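Questions regarding the structure given below will be posed in turn.
Residue numbering begins at 1 within each chain, and the chains themselves are lettered A, B, C and D in the order written.
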Amino acid sequence: MEKKILLTDCPDAKGLIAKITNICYKHQLNVTKNDEFVDRAQGRFFMRTALEGNFNDTTLLEDLDLALPEGAERKLVPSGRKRVVLMVTKEAHCLGDILMKCYSGALDVEIAAVIGNHNNLQPLVEKFDIPFHWVPADNLERAQHEEQVIELVDRYAPDYLILAKYMRVLNPEFVAHYQKRIINIHHSFLPAFIGAKPYQQAFERGVKIIGATAHFVTDDLDEGPIIEQDVIHVDHGYSAEAMSSAGRDVEKQVLSRALQLVLEERVFIHGNRTVVFK
Amino acid sequence: MEKKILLTDCPDAKGLIAKITNICYKHQLNVTKNDEFVDRAQGRFFMRTALEGNFNDTTLLEDLDLALPEGAERKLVPSGRKRVVLMVTKEAHCLGDILMKCYSGALDVEIAAVIGNHNNLQPLVEKFDIPFHWVPADNLERAQHEEQVIELVDRYAPDYLILAKYMRVLNPEFVAHYQKRIINIHHSFLPAFIGAKPYQQAFERGVKIIGATAHFVTDDLDEGPIIEQDVIHVDHGYSAEAMSSAGRDVEKQVLSRALQLVLEERVFIHGNRTVVFK
Amino acid sequence: MEKKILLTDCPDAKGLIAKITNICYKHQLNVTKNDEFVDRAQGRFFMRTALEGNFNDTTLLEDLDLALPEGAERKLVPSGRKRVVLMVTKEAHCLGDILMKCYSGALDVEIAAVIGNHNNLQPLVEKFDIPFHWVPADNLERAQHEEQVIELVDRYAPDYLILAKYMRVLNPEFVAHYQKRIINIHHSFLPAFIGAKPYQQAFERGVKIIGATAHFVTDDLDEGPIIEQDVIHVDHGYSAEAMSSAGRDVEKQVLSRALQLVLEERVFIHGNRTVVFK
Amino acid sequence: MEKKILLTDCPDAKGLIAKITNICYKHQLNVTKNDEFVDRAQGRFFMRTALEGNFNDTTLLEDLDLALPEGAERKLVPSGRKRVVLMVTKEAHCLGDILMKCYSGALDVEIAAVIGNHNNLQPLVEKFDIPFHWVPADNLERAQHEEQVIELVDRYAPDYLILAKYMRVLNPEFVAHYQKRIINIHHSFLPAFIGAKPYQQAFERGVKIIGATAHFVTDDLDEGPIIEQDVIHVDHGYSAEAMSSAGRDVEKQVLSRALQLVLEERVFIHGNRTVVFK
């Protein structure tokens, strides 16, 4: 018996749940978990249906296409391990957390490779028998550097590209190449402290809470649909450096959680927002 | 156009979501929100369906009864304000919070009356033009006292009875009279610190977190299905009294949240546990 | 035996704790709680000393003045109930929470009066036998309106002025009149969503967390030293209105906590930041 | 210039802060952070003083001994990296988290060795070039097994022994050998769910929150002074296994935080409770 996840994203209409679950029922598939959401303002329907049984993908999708309204997107995803490539610069905390969660089985994903514009994290990555590629950016145009990165990433054909504290801005061409497949951790509680040195900014503003944001990457730096956010309480006793250190703890937790949500096919992109079925 | 909530609780079977939503569709009812849960170990299916449209309750329920497996319970509840009676002893915090939330519109409920075994909270209740009944327990057998309370409560025919820090143990007869309709706030993080003086117990044990539990009342004191729990961090600087004071803050929040969940028909009782669709 | 709190805020120097606590010791005062913080970057020392004993304020302060470095500020505050005036517009949640906490004894403060630019909250305030003054702003220049407010507030000589969802911008003259004594609740997690309709902004950005900020008011709208912040998790299911409603819950908690910290003399203003001894 | 931490734990008396900070001042030591707490019910004083300067330990301690009341304990601890030995059974999550935090610099500690009663974690430990010792317990009396462990541990002379999910009960002799130096992570929110299979217990009770507790080990299993606790929200959708998995996340966070507090000399043991200066 197989397990698959059916993702439906379409204009809202009456009876959609009935239609979709009916088709599953006729295909003798068991719905083990169903989540749906209707954005009534925009008239859009989202449903995630976890199914069990013997699948005939072609006829199932054909039946759905007949039943769903025009403009529907639907996807039948085999549950099972996905493949990612991580991109890093110098900081170990997010990378280390993902490596360890993957090793201990807490995160079910294949890390195909890690690419860094610096090489100080190579020894850590190689401890886990994962290839590390150093692609230095020195003396290169951004576009040239990204071409080298793309060439490498594409070799591994990953489902997602995870920016685990990759500290370089990406060209629109790069982002377009992996549309809706790049996940970033932003070292602040977006939309507060956009831009550089958010912890220094937070320190100067005297905030009592700092946070982190995991989001899909779009052209607009620091924008893109938010997947997950969390915060940590700080006080006057935290220097900018201590805030940064506390921030690293939230960053890695938020990125890990976002990654897990995405890997489990729980996240729909909906304009510049997300629908996340937890 | 009316709004109602359909609650289904039945043995699990294939195609239940399809069957139920189909029937709703045939009745031209729009599903505005659907939540379901299957307890696979026990083979039990729970679904909460928020509906909009023109209802013919009788035929809708008949159609459901034909479609649902034997042993099914289903209920069609008009959305709209419910009525509660509160029971109190001497402490104002939970009572005050509910009164104020009700006044400001944050909680949509009719408080039909408040009954106290002491009368110090009478002035507070009467500020809000709500009847307060003082039923002193002095020199009475527990059963005698409870008879007086029941006689009063039943006059108001409440949907739920809320023990807002009512500090007397209830006889099984009383509990049976309002089966699955009594909600209590337990002044601890159940099952820790069962029984009297939980904050003193917590202080002596040197815990770093204290909590509160809202639950349905069953015969077994401090047992009963848990609806909601939350905690607050404390440290060595908290005396037993300071813990108690911090505890009052969690108690009122947890009770209010549990009450809201119950009023919105989001809570199924499932043996000694609950299924809560948030 | 009296209780007072000594607040010291001065340039850092060696031996300050020793000097100050020595003087207290010589005065036969018992230190029941001492907190200090040194901002090493700016060379500033902050200390809050809770004292018990028989006080000779004049000689104690003289002794301190001899011992402390130039530029020191020190204050000896009798512990005991402070007096506040609340300012409101139309929303009941923050006001109601403070009124109820005050009534139940959870917050130890005298609410001398409530002033509103609308009058819909008058009945609520009067339930608690507190004077409510309606000062409509219609057809008045901001300065004229504020003069009327100041005239009223000053009659009550409050220690602090609490803006409990007072939705009008204040002139610099008004702020200057109550320097470091006006506390505001900002309906967002500053510095995110500055300005109007923060919940609408938050909704549109698709955030997963919303928050509130209590701060002292300075000329710069939405700036001013932050006293307390907190957040609440939301998801795609929250409309802008639902976010606003969840936000009200955080707002009232954050304002209450900030108020309590200020009333207990736990907050130092330090440039545009605060030092808060919890 | 050196940094040391002075820890004072003595019967309460007037002027203690003054006396201690005076002595530091006379020794020309700068107090960079001072925390104190008085347990007034028990008349006990605790102070942690972070000092900077040129230390003459002998005369400093002599001066303190003259000034402090009878029954005082005081300790001058060089700040700097401590050494620990970890003990594990089969689960990787706590061990992995500590190894990675240590590697990335988030936790400043020397892991001298890891001892396991199983050997499945050996490859993970050796990735980090740390010795792993397998001490199987099969066919051994508990006392015999523990003798072998003690013999090994003592070779490394660790400051603390960390039970990172070591699932065997310890004899009183073992505990006495490392008095106040063994830290355990208990896989529940003590005192709830004492004993075996806490997540199964939590599942059956239908709780909405699960937690973890880090504590010093005493003879009494599941007792011992609590250092740190935290919780995670769960719901009806969590199986016992899912609760266990969520629990592992809290366990590792709580153990890491407790370890850091202990390493930074922030924890006093006070009877069966702790005083923790955060």
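Here is the rule we use: a contact is a pair of C-beta atoms (placed from the backbone, for glycine too) under 8 Å apart; a residue touches a chain by one contact, two chains touch by 3 or more.
As the structure is a prediction and not an experimental result, all values here were calculated from the model.
Asks: Can you check which chain pair, B-D or B-C, has more C-beta pairs in contact?
Replies: B-D
Asks: Between chain B and chain C, what's the gap in Å when you average each chain's C-alpha atoms?
Replies: 36
Asks: From the mean C-alpha coordinate of chain B to that of chain D, what's the distance rounded to whole Å?
Replies: 40
Asks: Counting only residues that touch at least 2 other chains, which ones in chain D make the list?
Replies: Within chain D, no residue contacts more than one other chain.
Asks: Make each chain a node and each touching pair an edge, then name the shape: line, ring, star, complete, other.
Replies: complete
Asks: Which bits of chain B are touching chain D when the two form their complex?
Replies: Touch list, chain B to chain D: 37, 39, 41, 189-193, 204-209, 211, 225-231, 235-237, 239, 270, 272-276, 278.
Asks: Any idea which chain D residues touch chain C in the complex?
Replies: Touching chain C: residues 14-15, 17-19, 21-22, 24-25, 28, 30-34, 36, 38, 40 of chain D.
Asks: Which part of chain C faces chain B closely enough to touch in the complex?
Replies: So the residues of chain C in touch with chain B come to 92-93, 96-97, 99-100, 103-106, 124, 127-128, 245, 248-249.
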